[in-house]
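Labels A, B, C and D are assigned to the chains in the order they are written; within every chain, residues are numbered from 1.
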Amino acid sequence: MSYSLGENRYGKSRIRLVTVRRGPERHHLRDLTVDVSLEGDFGAAHTTGDNANVVATDTMKNTVYALARDRFTGPAEAFGLELGRHFAAESAVTRATITLREHGWSRVELDGGPAPDAFVRSGELVRLARVSVDGAPGASSVGPANVEAGFEDLTVMKTTKSAFSGFARDRFTTLPEVDDRLMATKISATWGYRAGLPDGAGFDFDAAWERARTALLRSLAEHFSPSVQASIWIMASAIMDAEGSIDWVRMILPNLHHWSVDLSPFGLDNPGEVFVATTEPHGLIDATVHRRS
Amino acid sequence: MSYSLGENRYGKSRIRLVTVRRGPERHHLRDLTVDVSLEGDFGAAHTTGDNANVVATDTMKNTVYALARDRFTGPAEAFGLELGRHFAAESAVTRATITLREHGWSRVELDGGPAPDAFVRSGELVRLARVSVDGAPGASSVGPANVEAGFEDLTVMKTTKSAFSGFARDRFTTLPEVDDRLMATKISATWGYRAGLPDGAGFDFDAAWERARTALLRSLAEHFSPSVQASIWIMASAIMDAEGSIDWVRMILPNLHHWSVDLSPFGLDNPGEVFVATTEPHGLIDATVHRRS
Amino acid sequence: MSYSLGENRYGKSRIRLVTVRRGPERHHLRDLTVDVSLEGDFGAAHTTGDNANVVATDTMKNTVYALARDRFTGPAEAFGLELGRHFAAESAVTRATITLREHGWSRVELDGGPAPDAFVRSGELVRLARVSVDGAPGASSVGPANVEAGFEDLTVMKTTKSAFSGFARDRFTTLPEVDDRLMATKISATWGYRAGLPDGAGFDFDAAWERARTALLRSLAEHFSPSVQASIWIMASAIMDAEGSIDWVRMILPNLHHWSVDLSPFGLDNPGEVFVATTEPHGLIDATVHRRS
Amino acid sequence: MSYSLGENRYGKSRIRLVTVRRGPERHHLRDLTVDVSLEGDFGAAHTTGDNANVVATDTMKNTVYALARDRFTGPAEAFGLELGRHFAAESAVTRATITLREHGWSRVELDGGPAPDAFVRSGELVRLARVSVDGAPGASSVGPANVEAGFEDLTVMKTTKSAFSGFARDRFTTLPEVDDRLMATKISATWGYRAGLPDGAGFDFDAAWERARTALLRSLAEHFSPSVQASIWIMASAIMDAEGSIDWVRMILPNLHHWSVDLSPFGLDNPGEVFVATTEPHGLIDATVHRRS
């Protein structure tokens, strides 16, 4: 044969799962978008059309809903571990990766306190969990799990304590140096929990996530930023300072430029008050910071 | 000539305006997307290519930024009135309509209180204001203003107290009657303030908006919904009960269906706990409720 | 009662319908997104929660699929007439409006000619049809139909023969006059067929649509444009010159600005060769041209 | 220090470039979205806020426009090589990656042939080129280049010759086996050209791209598909059969499910004619096929 199969994976994406737990006092609402992806002994499906090893993606979808019935009772990471172990136990699977995006809902506020059964979707961010579990090829035992968490689409702005100067200049450089600018970005942050967390049992993923989020936001507010690059380093360090179980943090930050409007043609000054927000083009900074062992 | 010009308007859309007011204690951040649209004596531009009456849309953009320098200090409705009067005073203009969508930002919470200069974009809803001002053709005087407000993209869910039964059945009807379902929708609500509000002077648009929003959410949480149609009536009435300056409320509500998953093939029951969220197709209900004079 | 119900309508949106007709030689693929909207005697559903007159939106969806089985064999307009008459015959309905967006697919080209059963989606435009049929309240007879057609999302560009000069100047005007610019827009065009077309029987909606599209594109290529406003007039006139059954044409055209890049800081000229394409903000021109009776 | 910087890169994304070459007979229109991304000696920017090595992303944008003036005269791959070598020559850069997405425009057809200066954007696909050039740290010499090409967003459908059967069944499997189904997908295909292509000089990237696209579409139309996995293998092999300079092909294919509608409640059969198109959830298959050396 002239060709060979290289890296490959397959799965079901955008499985939309909503659960309502109907407690005596109030309802609990959860809202996830789940992606399942498998790697393993699937070469025959590609090269000879033999589907014997293939778990149908429709079955993946069914499994997510069926396991959600009884086992989705804690953090998304724990449900991801349940799903990951289930799929990794399939004999053909060498790795199952479960990505869970949780959409937040807050309770409507009433005079007597939070409503028991009415909710508003909070669009501030999407909480992210990603769990991968290794499978033993040809066996139903499962190997160690790897748990990542984070969030997407948290849009933030610093209206001062941000500068950009001292950068390289060449014949195509026209950008002036600025010692006070707006810095706005839509944060995607992912972090990895230390291997050997006892597979999540007894570990409070919600509390760890909340400590990480809080540390990032405080750091955002307090640090002086000489560049988006430096802000990643500072905020990632703050996350790991705050949460010892996190081994690394990756951030991918667009620089959502806000340009000061030149009002001088209209006889007006603009002392850092009026800006045009832009989305295109945008800077894009991607960096990972590791805890030293 | 065989053809005649009918209804027409033109303007600039998606003018992105961000302002930072730098107070001694803390910064104030505002974020608007503004659309300007004009109607008037623009027939010659269409039929003979004579642009003499045409205010360039680039000029509209400049005007929004220039007026924002000093006059965007209160609610979006008040800034819309400034802009509307400016454009209505152009001699060719018979009506200027300004639509302002405000994107909310909240302060990062620190130990010592809210941050003075760091913000998180709150994606819960977009606040809407729409102001139209009549112009006197051929003169620079302006006529009365009309002010609408509301919001877009407030996604909400009731996990009980929603039913749908007693509807018409024909040979294409398969939907069962249900006395307890999830009801989810993304609310677009617009309301009109009473004419004769003294052009906004002395009227607190922020407080009125907040009363309307609060009334809608409380009503959402508390009422029993026999249909989305009935919910619009109930929530619109609640808004007008709470805010006497509002003459009418229009809501356009998609019915974002959540289907209970049949888990019986897997030997599981599903007592209203596991749902698939869908976006397509969706019901769409559009109704306006008026205060009787 | 303090409140009264004003304008209202409801329906099902984004019903995704794909049909494959399996001819002996080749398959015929159609792809529609259908919206159904009803007006009529639905006040009780709003004000008293009485759903007796309400056709469930789920029933609307079922009806679209069921009628598609045998009756979707011609142009979208004809299928819209079938659906419109069906719903207008419901006793509570005073008007049924059916909007059909058709997504084009072309055949894969093979050496021996077009493939019989493999297709590529052509993203150039979305064809639009909108049919409304009046119902007789309390009766199952239906009244006259109104048929509109058009398209959405046809993005076009003229690289010359477009200017913008002679416009009004005030203190906020900085735009220079230009006698040669790029003009780019994403065309939404809708037109209305003459009432009294015998309800579509014997009328070739496909041929009329094609004549209108061709006339618009030729006119786009050939005319000199002193403004987007004038281009609407010219292109709408060309459509009606080409197709006598069309009574009016409405176009809503964003002005997708392409700004010439100033390359002089880099020692380079730019004789109308290098542009930055922008999407925000954009001009927006909306006008309707009527055939004189 | 407790932390160390791991993988990192930065750049400018979504640089929108349109060029018009004004030939004596007709204009030539090109439309690109360009992303620039650099890796190299940028640690100090992160860890100490020292920007001395940092090429501002604004400079990247300027460079794209300036080089486009004279050097964007051939295929996107060739312009990517120009840009990649320019940035790789910066002393801090170890790798420059340029991603170019080209949006197609076709000429308006007139009676006398294609229009010289009026264009329609063809939305069928986005052509992709990605060039990476290695830099010598601390020097302005550049190393070898790597060129990839492909396309995104080509939506296709097979209305027969697609099946899915013989797959694994477990207690969560409800999907029936089918020997004739619709297969629809939105193709993202990327391929790598053989290293040692003399840096693009003398190589006809347009012709190679066109051979690859044609081979993929023919293969799509002609092969029997036992699964999406097998289709990737077959189509990737066809691409490499047709174009000997391609060493590998990667495809990422969503399975855009079309479900046959059950019309039996309405007394109708459905012999593979009426389908509901869905987007969520969807299967997702990702595989790379290599040419054996």
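Here is the rule we go by: a residue touches a chain if its C-beta (ideal position, glycine included) is under 8 Å from a C-beta of that chain, and two chains touch if they have at least 3 such contacts.
Everything numeric in this text was worked out from a predicted model, so none of it was measured.
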**Prompt:** Taking each chain's centre as the mean of its CA atoms, which one is farthest from the centre of subunit A?
**Reply:** C
**Item:** Pair with more cross-chain C-beta pairs in contact, given A-B and A-D
**Value:** A-D
**Message:** On a C-alpha centroid basis, what's the spacing between subunit A and subunit C, in Å?
**Reply:** 39
**Request:** Between subunit A and subunit B, tell me the centre distance in angstrom, where each centre is the average of that chain's C-alpha atoms.
**Result:** 30
**subunit A and subunit D, separation of their C-alpha mean positions in angstrom** = 25
**Request:** Among the residues of subunit D, pick out those that touch two or more other chains and give their numbers.
**Result:** 16, 62, 66, 172, 174, 265-266, 278-280
**subunit C - residues contacting subunit A, complex** = 171-172, 174, 265-267, 278-280
**Complex contacts: residues of subunit B adjacent to subunit C** = 1-16, 35, 37, 42, 45-59, 61-63, 66, 90, 92, 164-170, 172-175, 226-230, 232-233, 236-237, 240, 248, 250, 254-255, 279-292
**Complete:** Listed in rising order, subunit D residues that touch subunit C in their complex are 16-22, 27, 29, 31, 62, 65-66, 68-70, 105, 108-111, 115, 117-124, 153-161, 182, 217-218, 220-222, 258, 261, 263, 265-266, 268, 270-278
